[in-house]
Amino acid sequence: MAGVEAPRAVRDEEGVSRLAAFSDAVFAIAMTILVLDLRPPPLPTHPSDRAVWHALALWHDYAGFVISFLVVGSYWAAHHRAFRHVVRWDGALVWLNLLLLLGVTFVPFATAVFEDYEGARPAVLVYAATLAAVGLVWAALWRYAAGGHRLVAPDLPTAALRGMTRQAWVPPLVFLASLPVAWLAPEWAPLVWLLLLAQALVGELRRPRPAA
Amino acid sequence: MAGVEAPRAVRDEEGVSRLAAFSDAVFAIAMTILVLDLRPPPLPTHPSDRAVWHALALWHDYAGFVISFLVVGSYWAAHHRAFRHVVRWDGALVWLNLLLLLGVTFVPFATAVFEDYEGARPAVLVYAATLAAVGLVWAALWRYAAGGHRLVAPDLPTAALRGMTRQAWVPPLVFLASLPVAWLAPEWAPLVWLLLLAQALVGELRRPRPAA
Amino acid sequence: MAGVEAPRAVRDEEGVSRLAAFSDAVFAIAMTILVLDLRPPPLPTHPSDRAVWHALALWHDYAGFVISFLVVGSYWAAHHRAFRHVVRWDGALVWLNLLLLLGVTFVPFATAVFEDYEGARPAVLVYAATLAAVGLVWAALWRYAAGGHRLVAPDLPTAALRGMTRQAWVPPLVFLASLPVAWLAPEWAPLVWLLLLAQALVGELRRPRPAA
Amino acid sequence: MAGVEAPRAVRDEEGVSRLAAFSDAVFAIAMTILVLDLRPPPLPTHPSDRAVWHALALWHDYAGFVISFLVVGSYWAAHHRAFRHVVRWDGALVWLNLLLLLGVTFVPFATAVFEDYEGARPAVLVYAATLAAVGLVWAALWRYAAGGHRLVAPDLPTAALRGMTRQAWVPPLVFLASLPVAWLAPEWAPLVWLLLLAQALVGELRRPRPAA
C-alpha cells in the first residue's frame, strides 16, 4: 500500500500522531482508574470522628495508588519523549504498542492485588513482574523503532538514540531486580521501586533547560 | 449547509479527524475498562502464600481480558489504518460509526459474561456474536465509505480499496464461523479466535516496511 | 488579556479545538461507562444453559444502555457539527460547556436509575428530565455562541445558523414532551424517545452528500 | 538532546500540545468517573413510587458530585487558559504536571469519602485538603512555568503573567481557609467552596468578549 500515498512523510507523521494520541488515552485512563481501587470502607451511619479517621488510614492502599500512578506516569513520560522522534510507523510498531498498552491496562489489576493482599509475597511478586513486563515491552518497542534508525528521524544522532535505548532498560531492570527482594522480604520491595522513581525524577530535573 | 463552507476539503479533513479522535477515545476506554472485570477475589487477612497464589489463578478471566483487548485492538488498528484514507464525512458515516462504537462499548459486558459464566455455552455464544456484530458493522461502514470512492481520497487505487474491503470481512466471518464451534464445544471456540489474531499479526508483520 | 496575543484568530481556533477535544473525551467516557451499569447477574458455578440464557435476558437494561448511548451520541454529533463553526471562545462558553458536560456525566447515573428501578414512574421521570436538561443546556449554549454571530465564523449565513438553532431545540422539547407520558404511562415513554432517534437518523441521512 | 532537534520552537509546541492533551484526558476521566460514586440504592422489586422518590433523594451525594465536577472543571479551565501561553517544556514541568494529575485523580476518592461519611468532620477535612493540595500544585506549576518567562511566550507582558499567577493562588487559599471552618462546623464548609465557584464564574463572565 506504500506506493499509493502521496506525500508519504507527512501522512506517516499523522499516523504516528494518532498512535501517540491513542496511547496517551490508554495511559491516562489506566492511571485515572487506579483511584477506583480505593474505596472508603463501609461505616455505620453517624460514625465518631475517631472511627472515620481510622477508616481513612488506608496507608497501604494510598502507597499502591501513588507508586502505580508515578511509575505508569514515568512510562508515559518516556513514551511522550521518545515518540516525538518517531516519524514512520509499520504494523510491528502498532502491535508492539498494543502489547505495551495491554500491559499498562493490566496495572490497575496488579495494583488492586498489591493493595488487597497487603504484604503477601505473591501479590508483591505479581505487581513487580507486571511492571517489569511493561518496561520490557517498552524497551523492545524502542529498540525496534530506533534500531538502525528504522522509524525515527534520520537526522537524530546515533549517540542520542543509544542514550535513550540505555535509559529504556533501567525501569524493567529495576523491577526485575526487585523480584528477589520481594521473594525474601516483600515489605522492602517498594523501597527499590521508590529508588527508581527518585532516579527518574533526578534524571528529568538534570536535563538541560530548553533554550529560548 | 455544504455551500456555506469555504475550503471544503480542509474542513472535511478536520471533521474526519475529530471523528477519528472521538472513536479512538471510545476504543481506548472500552479496552482499558476491560480490566475492571478482573477483581482479586476476597481473602481472609494475612492469608498464606498458597491461598494467594490460588486466588490469583484466574486463568479464564485473564484469557477473556487478553482476547478482548487484542481483538478490539485489532479493530482499532483497522480503523486507524482505514480512516487515514477518509477525507470526507456525512451523517451516515457518523451514525454507522456511532453504531460501531456502541458495539465496541458492549464488549466489556460480553467479556464479563464470558469470564463470569466460564465455559457455559450461552456465554461463549453471546461473546462471539458480539464480536461478530462489531466486525459486521465495521465491514458495512468501510463498504459505505469506500464504495465508489464515496468518502475516500480519489487518488486511492481501486485495487487497494478492494483489498481493504476484503480484509474487513475476515474478522466477522471468523467470529461467525466460531458460532457453531461454540455451540458444539464451547471450550474450543477461543482457539478459533486465536487463529484470527495470529492471522492479523502475521498480516501486519508481512506488510512492506515504510520507505525512508 | 485579549490585547496581548498576536495572531488572535489562530489562537482562538486552537483554544476552541482544545475545548472540543476535552468535550469529546467527556462524551466518549460517559458513553463508554454506560456499560458498567450492565452486570452479569451472579449464578451458581456450572449453571445450566437455561439458567444462563435466563440470566442474560436483561432486556430492560440493554434498552437503557442503547437509548442512552444513542441519545448522548446524537448530542455529541450535534456538538461535533456545531463546533466546526465556532472560531472564538470566551469564559461564558467554557462554563456553559462545563455545565453541558456535567449533565452528560450525570447520564450514566440516570441510566442506572432507569435500569435498576425498571418501569417505576419516578425513575422514568428522572431519566427523561436529565436528558431534557442536557438538551436545554446545549440549546442555550448554541444560542449564546451563534446569537449575533457572537463566536461563530462571520461568513456563515444567518439562515444556516437559524436552522441549526431550531434543530437544537428538538431533543429537549421531545424529552419535555415525554414527561407527561412518563407520568401517565411510564412504559410508553421510551417510544417517544425512539421517535426522536428515528427523526435524528432520518435528518442525518437526508443531508446532502459532501461534494468531491 | 536539545541540540539535535531542528526547528526547536515548533517541536516544543508539539510537545506542549501532547502534554496538554494528556492532561485534558486525565481531567476528563476524573470528572466523568465522579458519577460512579453515585449508585441507585437497592430497592425491592416493584417498589412504590414513594419508595423510589425517597431512594433518589441523595442530596448530599449530588452536592458532592456537582461541587467536585465544577471545582475540577475550573482547575481544567485554568489549565486550558494558561497552557495556551506555554511554548516550551522541560522535565520539571512534566513531573509537576504528573503531580497535579495525581491530585486530580485522587479527587473521585475524596469525593466518595465526602459522600459516604456525610457530615463527618474528617471527611470534610480530607476533601478540602485534597482540593487545596491540587490547587497548590497548580499554583507551583504555574509559578515555575511563568517565573522569569521560563516556559511561556516571551512577548507575554509581565503584568498579564503576574495577574495569572495571582489568580492561581485563589482556589488553594479558599480551600485552606475552609479547613478551620470544616473543623468547627463541617456542614458550613461547602458554602465557602460555593463562594469560590461563584467568584470563578463571575470572573469568567467579566472577561472582555473576544474581538471579531
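Here the chain labels run A, B, C and D in written order, and each chain numbers its own residues starting at 1.
Basically, a residue touches a chain if its C-beta (ideal position, glycine included) is under 8 Å from a C-beta of that chain, and two chains touch if they have at least 3 such contacts.
Predicted model only: the values in this text are computed from it and were never measured.
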## Note on the structure
In contact with chain B as well as chain C, sorted by label, we have none
### Query
If you fit chain C onto chain D using the CA atoms, what's the rotation angle, as a multiple of 5 degrees?
90
#### Entry: Self-contact between copies chain A and chain D, residue sets same or different by half
different
### Task
Report the chain whose mean Cα position is at the greatest distance from that of chain A.
C
### Task
Find the geometric centre of each of chain A and chain D from their Cα atoms only, then give the gap between the two centres in Å, rounded to an integer.
24
### Message
Taking the mean of the C-alpha atoms as each chain's centre, how many Å separate chain A from chain C?
### Response
34
### Touching two or more other chains - residues of chain B
21, 25, 29, 33, 36
### Task
All pairs of touching chains, please: list them by chain label.
A-B, A-D, B-C, C-D
### Query
In the complex of these two chains, what residues of chain C are touching chain D?
1-2, 4, 6, 8, 11-12, 14-15, 18-19, 21-22, 25-26, 29-30, 33, 36, 88-92, 94-95, 98, 101-102, 105-106, 108-109, 112-113, 116-117, 119-123, 126, 150-151, 154
#### Entry: In the complex, chain C residues that touch chain B
20-21, 24-25, 27-29, 31-36, 38-40, 42-43, 46-47, 49, 52-53, 55-56, 65-66, 69-70, 73-74, 76-77, 80, 84, 155-157, 160, 163, 201, 203-212
